[in-house]
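One structure coming up, written as structure tokens, with questions to follow.
We call the chains A, B, C and D, going by the order they appear; numbering starts again at 1 in every chain.
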Amino acid sequence: MSGSSTGQIFRVTTAGESHGAALVAIVEGCPAGIGLSEADIQPDLDRRKPGQSKYTTQRREDDEVEILSGVFEGKTTGCPIALLIRNTDQRSKDYSEIMDKFRPGHADFTYFEKYGRRDYRGGGRSSARETAVRVAAGAVAKKLLAESGISVLGWVDQIGPVKADAAKFDRDEIINNPFFCPDAEAAEKMAAFMDALRKEGDSIGAGVTVEAHGMIPGLGEPVFDRLDADIAKALMNIPAVKAVEIGDGLSCIEAKGSEFGDAIRMSGFQSNHAGGVLGGISNGDTVRARMALKPTSSILKSRPTIDIHGNETDIVTKGRHDPCVGIRAVPVAEAMLALVLADHLLRHRASRI
Amino acid sequence: MSGSSTGQIFRVTTAGESHGAALVAIVEGCPAGIGLSEADIQPDLDRRKPGQSKYTTQRREDDEVEILSGVFEGKTTGCPIALLIRNTDQRSKDYSEIMDKFRPGHADFTYFEKYGRRDYRGGGRSSARETAVRVAAGAVAKKLLAESGISVLGWVDQIGPVKADAAKFDRDEIINNPFFCPDAEAAEKMAAFMDALRKEGDSIGAGVTVEAHGMIPGLGEPVFDRLDADIAKALMNIPAVKAVEIGDGLSCIEAKGSEFGDAIRMSGFQSNHAGGVLGGISNGDTVRARMALKPTSSILKSRPTIDIHGNETDIVTKGRHDPCVGIRAVPVAEAMLALVLADHLLRHRASRI
Amino acid sequence: MSGSSTGQIFRVTTAGESHGAALVAIVEGCPAGIGLSEADIQPDLDRRKPGQSKYTTQRREDDEVEILSGVFEGKTTGCPIALLIRNTDQRSKDYSEIMDKFRPGHADFTYFEKYGRRDYRGGGRSSARETAVRVAAGAVAKKLLAESGISVLGWVDQIGPVKADAAKFDRDEIINNPFFCPDAEAAEKMAAFMDALRKEGDSIGAGVTVEAHGMIPGLGEPVFDRLDADIAKALMNIPAVKAVEIGDGLSCIEAKGSEFGDAIRMSGFQSNHAGGVLGGISNGDTVRARMALKPTSSILKSRPTIDIHGNETDIVTKGRHDPCVGIRAVPVAEAMLALVLADHLLRHRASRI
Amino acid sequence: MSGSSTGQIFRVTTAGESHGAALVAIVEGCPAGIGLSEADIQPDLDRRKPGQSKYTTQRREDDEVEILSGVFEGKTTGCPIALLIRNTDQRSKDYSEIMDKFRPGHADFTYFEKYGRRDYRGGGRSSARETAVRVAAGAVAKKLLAESGISVLGWVDQIGPVKADAAKFDRDEIINNPFFCPDAEAAEKMAAFMDALRKEGDSIGAGVTVEAHGMIPGLGEPVFDRLDADIAKALMNIPAVKAVEIGDGLSCIEAKGSEFGDAIRMSGFQSNHAGGVLGGISNGDTVRARMALKPTSSILKSRPTIDIHGNETDIVTKGRHDPCVGIRAVPVAEAMLALVLADHLLRHRASRI
């Protein structure tokens, strides 16, 4: 009810905020018998970790995960898996400048309206910091999916005006540049664009694509928990996301039925405009989703705002911020997609007698 | 778990399929003391009803709703409200042509994979027919929202290449043309476009915008049930929807932080790029969402497919179909948005001591 | 959230009140492929039906169930099954005597406190009338359980001071007397006791036992949804129930560990003090639960109460009432146990990789 | 779905097992603005802590709780509260004697059937060890209840044949003896009884009563989440509980309606046979529940069992065990009742417009 859980059978509940002692996730519903250790989780956390390049925040967090329960002799027990990540870099500083002001684009104002108070040291639960523990939980989901041959893969397809060229897609390139971009040429342009942007003290939006390969048909529900709807919700639950597309997405508006419906042959679907989902249920083809992330709200330029006492004022958000939150959102998007699929994989077991 | 429910406090569960005896919804969690009768619900059903113009399906359904419970002496009792709509036009026909074939773009194939069987007379639960009872449930949600001064409004903003011009937005025009289009000129172009399309036996996609006015700040959650994420899921749960945008949506990718963050003054936000949601919580400004609907999958043109016995074949989908499902999706989008807001309005009551 | 649903995968939501138009249940999560028709449900409804003997209320209800959805060609489709029972005997009468008074032992006072209003024509949702549709839903659960060889059986073991003798248990006798009592001799004594009681215009409590046979080990959860805890909740959710025992129940207080722990041999457990549940999970032995029902609150004797205006007064509850609600609770107890087991049967599928 | 959560708005999810690294609870839905620190929680943990007298297990655990999130400047923030208790006494020992054998009365057999494996070092999630973190979560619930003037109180009313005399109830005595018994004389008899029992190497059952004072009318639901049903489930979810009574409980079977219905006057109910709940909703009177706990299953006497390889054998459960688990169950019962009431207190806010 507090919106800190996701999933029905494979269910993840998180706690912890940007400037608190630790982040915690409890992963419920993971079946018994799956091999799991911290070593399965840490690589995904390292991909998301801040400070990996000059294009992400310089906040220093080791993001080391500890499995507190649910694993015995290297295998899951079927009981809840608790994951703990201590916050180590809670830099003590002077908050007097910002503690009473609402940062535009942030949740400061809405938090205050909802709870009547807020932790002025940062974004609290709305902060992207919380997504670290989602990535850890997502790594557990990936292990479950792997048992069925399903894997997920995400990348940045656009930063501001710079788009990756689908024709130049190179899977190996994704981890070769600081932008998780599968097109090496585009990655170079992104570097140039970002260097200029950082000098301005400004920020930029991004597009991220995430896919599931090795899909099984039959996952999803036909009405209120459609697979594509659960994916849309999962991605929109990532901070800064403002749009989600499934398959061809927005461009379907201008398509005709004779062009859009994917023809079926015994060898499989002849195209994938649908993005792997028909009537809310997976068709076995690659699941493809895309999300749009707004530019980081914390920038060095001054903007008009108000404070909690009702005064109009201006604010500059100093500190360590990602100039493009979309970059580090890639492993988060993978985690969210993995969580949705793991849940529907288990739900599917109850479909037939 | 079967994905037939939506909402947590204000919770709606539906049953019924395209060619069954009836559609049913149980609306749980509506507080006691709200005036309610069939007359509050019927107008929304009538807007969605098929056969209203030559641009929608000619299936004949009265869509008369009966309130079976939860109302006493004209007021809600706080107990579940059961809504019943009988299906009246289940035209008996010869299904031998299509009963073994999977219609491309439809859920036929995925249903069969999920359940091992399907009702070959239509789309079953995946059919847009099911949305009639969502509209009925949504009308109850609208009554609850009205108590807090909140209202929702939807319209078609694009059909294929024809876009409504925001500068010509006329609220009264929406119900003056068969496309729920607020721009009279665009509506005329839509009519011409649709006439040509129908002659081809083809179908087309559409864009639908839905807004909530009179919003209260503080509705939503910061992590997994963000207000915008719940809206994205709700809209993506409408058949044929392939993309959802909140506020500026997809265009945020190319925006800079200095342009995108909505400045705050005591008189309110100075712009609404965010679409009324910050950090997953409403900021009091108009909530604005947009969805893209794919072209109707049932068309008169022949397409390649397979049958349940593993043979490759072709199919033509005769019968009574909407050439543009986006049109009748307008009252459905309103209903879905109303359901999300009603739920978060009640959830908000537990936020503070 | 309104407490009108039970179960997580096999989930039942009911609507409808004592004096409304109809009772409705939506059964979600029933797997596809199970044979089902009204004929599978009606016999259980008939056992619960009022007016079967002079020992139950004379209200006349046919309690005919209609399946509105979720079944196609005689088999479940995997989609929600909606069940409809119209209320036919809503005798119009003069409520002026009781409409403002709170009947002692009834929910009148608490309803008024919760909702600020109530349907003064009867018990609303708290009325035992609502259990008719639970029995219908339970019959669906029984069909699912039968696929795994599990069946449930309930009986009255005590009415007031008259106890059935376990040594004289005769399964066939249960439906041979109006008390669902498996001991023919005790049933005769119950008849004599009840005849005297009716002359007094008073009512009496009862004990009901319900068992599940053919159980599968491994159903349940170890912490918050223990199988025995879910059974306890399910039975306590039946109107008038004030106590629930599992296995040896209350007598365990005086037992020693050396006597109570059921010894295990390859042929099975050597006793069943546990009632078929260990650590919240079924052990494969017969599940045995017992519930105590208080005497009917509606009696012909005058009692002190207050009215909604704050005046002290007296009340006599005329009308058609069961002098011992425990009798008709037998099929309800079976239904509730079946619902719990059906849910855990499906949940069990997600336990292991 | 894994049964590790309880509550709907005020929701607690736990993780951690008997011999794992730590116990964790995430408390969701606690409103913002409630004063909370570790000092509010530790006293309840200390009451439950093992090793407080010779009548409880000698396992040594400090049970120190750390609040990881959800509290800022001494007040709850409205966000999830994560509670951590490290297990410190996981005595390393030789498990070869018991690792393959199923201990009678324990969950060993059922765990193995459910998950296909088990942690042979102890009871895993079914162990009473897990209840430590429920007590911590319950202490948070108590703080919320205190804001509305509600408090809970539990005590041992019976150990084996020794019953506390209600006429000698002395609230202050409860914490004066090692049995949480409110009758000093009975406590002395309990000591004598337990001394003899320990020499035998046997164990004994117990009765525990728990009450809520300062109740508010209107908490609960009329059908499937009745307040008394939720209490019954909550108490039955405590390890070893085999029966739950509400109000007069089991004795209602022999009561007549003219005796049982609590008369209502303007000054309040004239008796409390109902235990504070009518039709599933609180009536404002003291909520009274009682639970029966079976004797500890771990005893020093040899018993017949089987092992995981299908051999018949015998087992003696050495180690540090409570001879009467009922004693330390008192703070657990308080915690479970507090959790149920906190949840319904918040749910109540959505009942009326």
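Keep this in mind: a contact is a pair of C-beta atoms (placed from the backbone, for glycine too) under 8 Å apart; a residue touches a chain by one contact, two chains touch by 3 or more.
Owing to the predicted nature of the structure, the values given are computational and were not obtained by experimental measurement.
Engineer: Write down the chain pair with more C-beta contact pairs when A-D is set against B-D.
Structural biologist: A-D
Engineer: Over half of interface residue numbers shared between chain A and chain C means same, under half means different, so which is it?
Structural biologist: same
Engineer: What's the distance between the Cα centroids of chain A and chain D, rounded to whole Å?
Structural biologist: Taking the average C-alpha coordinate of chain A and of chain D, the gap between them is 39 Å.
Engineer: Between chain B and chain D, tell me the centre distance in angstrom, where each centre is the average of that chain's C-alpha atoms.
Structural biologist: The answer is 46 Å.
Engineer: Where in chain B do residues touch at least two different other chains?
Structural biologist: Those would be 1-2, 4-5, 8-9, 14, 29, 32-33, 78-79, 114-116, 124-125, 222, 350-352.
Engineer: Tell me, which parts of chain D touch chain C in their complex?
Structural biologist: 1-6, 8-9, 14, 102, 104-107, 109-111, 113-116, 123-126, 130, 158-161, 197, 202-207, 217-226, 228-230, 232-237, 239, 242-266, 270, 273-275, 277-284, 292-299, 301, 303-306, 310, 312, 326, 347-348, 350-352
Engineer: Show which residues of chain C lie in contact with chain B when the two form their complex.
Structural biologist: Those in contact with chain B are residues 1-2, 4-5, 8-9, 11, 13-17, 20-24, 26, 28-29, 32-33, 66-70, 72, 75, 77-82, 84, 114-119, 124-125.
Engineer: Note which residues of chain B are touching chain D in the complex, please.
Structural biologist: On the chain B side, the touching residues are 8-9, 29, 31-34, 78-79, 144, 147, 222, 346, 349-353.
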